[in-house]
């Protein structure tokens, strides 16, 4: 603390060298919470300093650097270089599992494409929320297909190339049928509570294969 | 008393003045060690060469003074006085080889160490506080920029999720008829409830068949379900420690009895 | 928003040139009042950047300037040069006046860490008031360290990064006079003669030395 005071007194008689004045400008602008005017700079710097001239040098010094000297009104401040603004964001990527509703909707579209919203709702047995479809559209896992030639000409949904890429499929037809699902034990994993699987399942399989092949013909 | 007077004479005027100043200041001290350290300065020597005997004298004189002035001294000051009196006697008397414990010299050396260490820590504290300090001599950035936290959520699903999801929907339909068929299903819960009511009487080995619910024996579907449930329930009760179960050989009757 | 993302992806294949990395370091450190760790720097910089190397360059760049790059523990911060403090009367923050007891306790913790309350009391010769420790904890100059492996498993205290930052220390090893104190044996935990060295004491010594050397090493 004593040294700087000495400097201050010295400077009453002789202005600090320009290099020193630049250092002072740097320090004041760095530590100040607000932009600082030339007048204030000079009031804070030792007597005889030329803040305006030192500012020109400092500005040059910081040209092209990560922080620049910026003039705001008649005051000066140090600012992050505009092209580095992205560093002021901390991006956290959170991976979440797709909701059950979204997975089911997606599965129905994949197995039954092209399929209308009404058909999806019929298969799921519940209405499909707008948000769910929007989410899948946004993820670019589904897109709109051709309109159905039925009354009202409803839009249909089909899966996208992105979808196939994500799930490692060459074709939506590669999706395993119910019979295959059962043979891998996937179906038995999730029997509705209290129910016992019986011989009735086989029919179901035939029906869905037939349905699917029809759907994928085009 | 005469010894006290004798000692008083040995203390110089300057020391007496110093001791009085100490007394006035007694509340300002941070304990006996602090007093000792302050007293030690009157010896005007390096702490390493300090005479602990002399210091003990000084401290005891200080405590006497306080007593004369009828000031209250905290207990730890008096404990220190007693200890220093003990140390003094140890230092003055020739060492008694039969006596156990550390010698006077060892005790004195440790006290000297403590004083030196306390002084060293005080010096360190002063040097630390004398350093350039943040917010006083050097400064942090005044105009900080808030780092905006951008949370990006990505959703994933595996092929397994997809297939299970589809299977879930499709099997909902499949199993609908079987839910209606609960009539011929005897659940383990039902069996457990039934067994709990019966095991109280099962003193001897009894065939498990006799525990089947009434009316379930004839229809094969019903019997199968009831047998399975009753067997599962028995195992559960064995696990709980209520029942013992045995089967003498393969396909022999399974027998149960209450665990005693 | 879209541009930086692009940049980030680009850098997966090619790291930014060192000059660019230096600019990024400048931008991030100028924007923060708190020290930033190398790990955090790299998390915010595009993939493939070598913050540690860029920091070496930036440190050199700011040597002798009005603001300097300071290393605090394993983090880095820009700080005004200490000789220019006289310019910053406006920014000076009045630190709470610490009692003599608090200052001494702080010094003992800094030089003896990790240290228990009993050890502090042994050195000062008086009991340590709760308020003293609380004040230091509140200022975030000390924190709890690992428990000692002695009977009762007492908590220990160590100094924090804030402490280092406040006193302009890169490391606890840089404490003034530390080396001399160690060579004169004044930092040893010397039990009073006649105290029966139980098995606990031996452990304590080992632990303490281990703990200290760990803290004072890099």
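So that you can tell them apart, the chains are marked A, B and C in the order they are listed, and the count of residues begins at 1 in each.
By our rule, a contact is a pair of C-beta atoms (placed from the backbone, for glycine too) under 8 Å apart; a residue touches a chain by one contact, two chains touch by 3 or more.
Predicted model, so just to flag it, every value in this text is computed and none were measured.
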Chain whose Cα centroid lies nearest the overall Cα centroid: C
Most remote chain, CA-based centroid, reference being subunit B: A
For subunit A paired with subunit C, centre-to-centre distance based on mean C-alpha positions, whole Å: 35
Centre-to-centre distance between subunit B and subunit A (centres being mean Cα positions), rounded to whole Å: 43
Distance between chain centroids, defined by C-alpha means - subunit B, subunit C (Å): 26
For subunit A, residues contacting two or more additional chains: 1, 27, 30-33, 78, 80, 88-90
Subunit B, residues touching no fewer than two other chains: 137, 139-142, 145, 147
Subunit C residues within the subunit B interface of the complex: 30-34, 44, 77-82, 84-85, 88, 91-93, 95, 100-101, 103-104, 106-108, 110-111, 123-126, 165-169, 175-177, 181, 184, 186, 190, 192-194
Subunit A residues touching subunit C - in the complex, by the definition given at the top: 1, 3-5, 7-8, 22-28, 30-33, 44-45, 64-67, 78, 80-81, 84-90
Subunit C partner contacts - residues on subunit B that touch it in the complex: 30-34, 76, 101-102, 106-107, 109-110, 113-114, 116-118, 120-125, 127-129, 131-142, 144-145, 147
Subunit A-touching residues of subunit B, taken from the complex the two chains share: 137, 139-143, 145-175, 177-179, 181-182, 185
